[in-house]
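Each structure below appears as structure tokens.
The two complexes that follow have subunit A in common; it is paired with subunit B in the first and with subunit C in the second.
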Partner chain A sequence: MKAVECKMLTRKFSKITVLDSLTFSLDENKIIGLIGRNGAGKSTFLKICAGLIRPTSGDIRVFGEKVFDNINVLSRLVYIYDDMKFNDYLKLSDILELGPMYHKNWDSDLALRLMKLFGLKDRVKYSKLSRGMKSMFNIVVGLSSQAQLTLLDEPTLGLDAAVRKDFYRILLTDYMEHPRTIIISSHLLGELENLLEEIILIDGGKLVLHRSAEELKNYGIYLNGRSDIVAPFIKNKHVLNLQNLGNSMIAGIENNLSESELSYLHDNNVDISRISMEDVCIYLTRKKGDEEIDDRQ
Partner chain B sequence: MIVSENYKRSLVAFTTDMLQSFRKTFIIVFIILGALPIINFIVLISTRISHPEAFITSTNSILGIGFFTMLITLSIAFFVSTCKTEVLSQFVWPINSRVYAVGNFVVMLACALAAVSGVSALLLIEVLPAMILKLVLKDFILVNNLTVQNFIEGFWVSFCHIMFSASFSYFVGMYFFRHKIIIGALALVLANLSSFPAVRAAYSGMYNFIYGKHSSIMLFSLKIWLVILLLHILSYIPLKRMEVRA
Partner chain C sequence: MKIQPDSLKPIYIQIAEGIEDDILNDILKEDEQAYSQNQIAREFNINPATAAKGLNMLVEEGILYKKRGLGMHVSPGAKDAIRQKRKKNFFTGLLKELLQEAKKLNISKEEIKHMIDKMEGESGI
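Moving on to the complex of A and B:
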């Protein structure tokens, strides 16, 4: 069964189209990265996935069922986002006591271990926490719920590098012990690279790319060589990025070169290196204005 | 089967969650209400000391005060519970509109019952010292019209009234926080329409339907519970298609 399946999923707010005809499906038991620029529609997609809002048109199914207002599906997922609001009256310990009541597979031991690791005091009220601490606590709830579908919307927002590293480590360890479908939206693809199995790239509400992490790692290559060699070579290629450095040129292109092309480049001393996943995503979602700014610089 | 299990788990968790959040309100209100008979007792003694010739009387006032306090407290609490921030804090957990609606009804029942029971328990704090005073002071007059029958009747009627008032606030809140301008304007129009005799008569009719003189407590109960259920059903309409947005 597919964990998430969407067909022509569209969401509009007033007249603004935030998600535009998204069609893809996600297998169960994978860690999937939802990548996109600000305003790409990542949070809206996750909110629809979590059954908080409805699509304007199209269809979304989670574990084969419609998700909006469906307690059967809602009980199997958890959605963690930046401005989560737990009851103001409740202390962290109260919230953690509610966890096993709401979530069937709640892991109280993991919750306690994470609280200790993050240095969170359970007698404090959620409303009194700083932004970073709220993110930490949200992570505690998200991971301890052990929900079959875990939706993490920018979970590391406000966390310092050390805590972010801890989080990725814990997430991976916990996922290995209890495989489930985890969708993480983030700007920091570089940090997530080694964690993700699949990547969905959306831009302006549209699906740009849906590949396995392995495929995306090999998606693009840089060609670094003399302009008179590289420029004619890339004429019929899908150019992701271009940089002129005097007589040299660095061109980022899609990695679909034949053996003969590779040997031609090799013979002409053109260096070939892989483009990082993060850079591929940046180039694929780059707006026209960005390039103009680059050109001026 | 799975659906009903999920539904049950979610409902139990939701009601526990809501009751936990009401706990503090109840503690504060009951501490204040509990202090009233104690203060009253101190006043009675000091009056006796300063004016030995005065007649001192005591009545069961805590029931009335407690009832109105709880009626207002729960009405405000359920009105506020429907606002956006509160709804957001409830939907961080896996619940749906049905769990929310049924959960609120259950919580309301539990709160109303706790309110009336709590206020009734406070009666002991009021009556016991008064009875002690009566033993000590021969001219002390203790007015106690309470019988088992009128206590039970009063308990039930108070419970019904609190349920009705809280349900009405919940209903108003459910529409008001989703359509502030429309409901605000509608409230103004309805208030101004009362100057028309026909409209005023209709309002009186509605009021009398619920609060008017009744031949039996059964008839009153039937009417008020019909209205309470209707208010909850009407509150469910906007909830059914409600999106949870920050």
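Moving on to the complex of A and C:
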């Protein structure tokens, strides 16, 4: 069974299309990265996935069932996001005590362990927490729920590097002990990329690509050589990025060259190197205006 | 074993090569237990599927074998097999690269030979 399956999933807010005909499906028990720039539609997608809002048109299924108003599915997922609303009068310990009511697999031991690890005091009220501490507590709730579908929307917002590292380690260890489907959204792959098995890249509400991390790592290459060799060579190629330096040129293109093309480049002293996953994502979601800003520098 | 997360070399290949290095350096001995998928994933903060891919690559090449219930083990003869493989890579990869660079720099074969002798004398390689 698929964990998430969407067909032509579209969401509009008044006249603005935030999600545009998304069609893809996600296997169970993988850690998946949902990557996109600010305003790409990541949170809207996760909110629909979590049954918080309805799609305008199209279809989404979680574990084969409709999500919205379906307690059967809702009880099997958790959605953690930036401005979670917990009752202002509740202490952290009160919120954790309610956990088992919402999540049947709730792991109280794990919750206590994570609270200790993050140094969170359970007598404090959620509303009194700092930005980073809120993120930490959201993570505690997200992981302790042990939900079959765990949706983490920018979970590391406001966390310092040491705590982020702790979080990645905890997430992996817990995932290995209890495999489940985890979707993590982020605007940057960066530190995440080695945790992920699959990557969904969206931009302007549209699906740009859905690949395994390994495939994305092999997606693009840089050609670095003389302009009079490289420029004609890339004429009919999909160019991801272009840099000029005097008579030399660095062109980022898709990694699908034939043996003869590779040996031609080699014979003409064109150096070939891989483009990092993160840069591929940046190039594929670049807007027209971005380069003009570059030019002015 | 070491892994460079920022390297462009795929992580699963880094894992396979890291284990090979540990076998060559006698850190892992033949017929002894190798690292498990979960150990590697936890140690280097990488997805367990990636760790499994690196291990499976070595299983397919006969360098590791699965012992039922006891995990991955180093195959007898693994060290020799790795040496053979690396030798081949040395000729097709490293040596070829060296000769190409030498050509670019107009270094003759005699000069290269001389450099090798000199380096051996100095560093005792």
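By our rule, the second predicted complex is superposed on the first by the 297 of 297 C-alpha atoms of A that agree within 3 Å, B and C clash if a C-alpha of one lies under 4 Å from a C-alpha of the other, contacts with A are read in each partner's own complex, and residues count from 1 in each chain.
The rule is simple: a residue touches a chain if its C-beta (ideal position, glycine included) is under 8 Å from a C-beta of that chain, and two chains touch if they have at least 3 such contacts.
Since the model is a prediction, treat every value here as computed from it, not as a measurement.
Clash-free side-by-side placement of subunit B and subunit C is the outcome of superposition onto subunit A. In the overlay built on the shared chain, the residue A:Met101 is in contact with subunit B alone; subunit C does not reach it. Contacts of A:Met176 after superposition: subunit C is touched, whereas subunit B is not reached. Touch criterion not met for A:Lys235: it reaches neither subunit B nor subunit C.
Look at A:Tyr168: by the touch rule set out above, it reaches subunit C but stays clear of subunit B.
Applying the stated contact rule after C-alpha superposition, one finds that A:Lys15 touches neither subunit B nor subunit C. The three-chain arrangement built by superposing both structures on chain A places subunit B and subunit C 140° apart around the Cα centre of subunit A, to the nearest 10. Looking at the shared chain after the overlay, A:Asn70 reaches subunit B, while subunit C stays out of its contact range. Residue contacts after overlaying the shared chain place A:Leu90 against subunit B, while subunit C stays out of touching range. With chain A fitted onto itself, subunit B and subunit C come no nearer than 28 Å, counting C-alpha atoms only. Contact residues on subunit A toward subunit B in their complex (touch as defined above): 47, 51-54, 69-72, 74-75, 77-78, 83-90, 94, 98, 101-104.
Looking at the complex, you find that subunit C touches subunit A at residues 5-6, 8, 10-12, 38, 41-42, 44-50, 53, 104. Residues 30-31, 165, 168-169, 172-173, 175-176, 193-197, 213-214, 217-218, 269, 273-274, 276 of subunit A are the ones touching subunit C in the complex.
Against subunit A, in their complex, subunit B makes its touches with residues 2-3, 6-7, 9-10, 12-13, 16-17, 20-21, 23-24, 85, 88-99, 240-241, 243-246.
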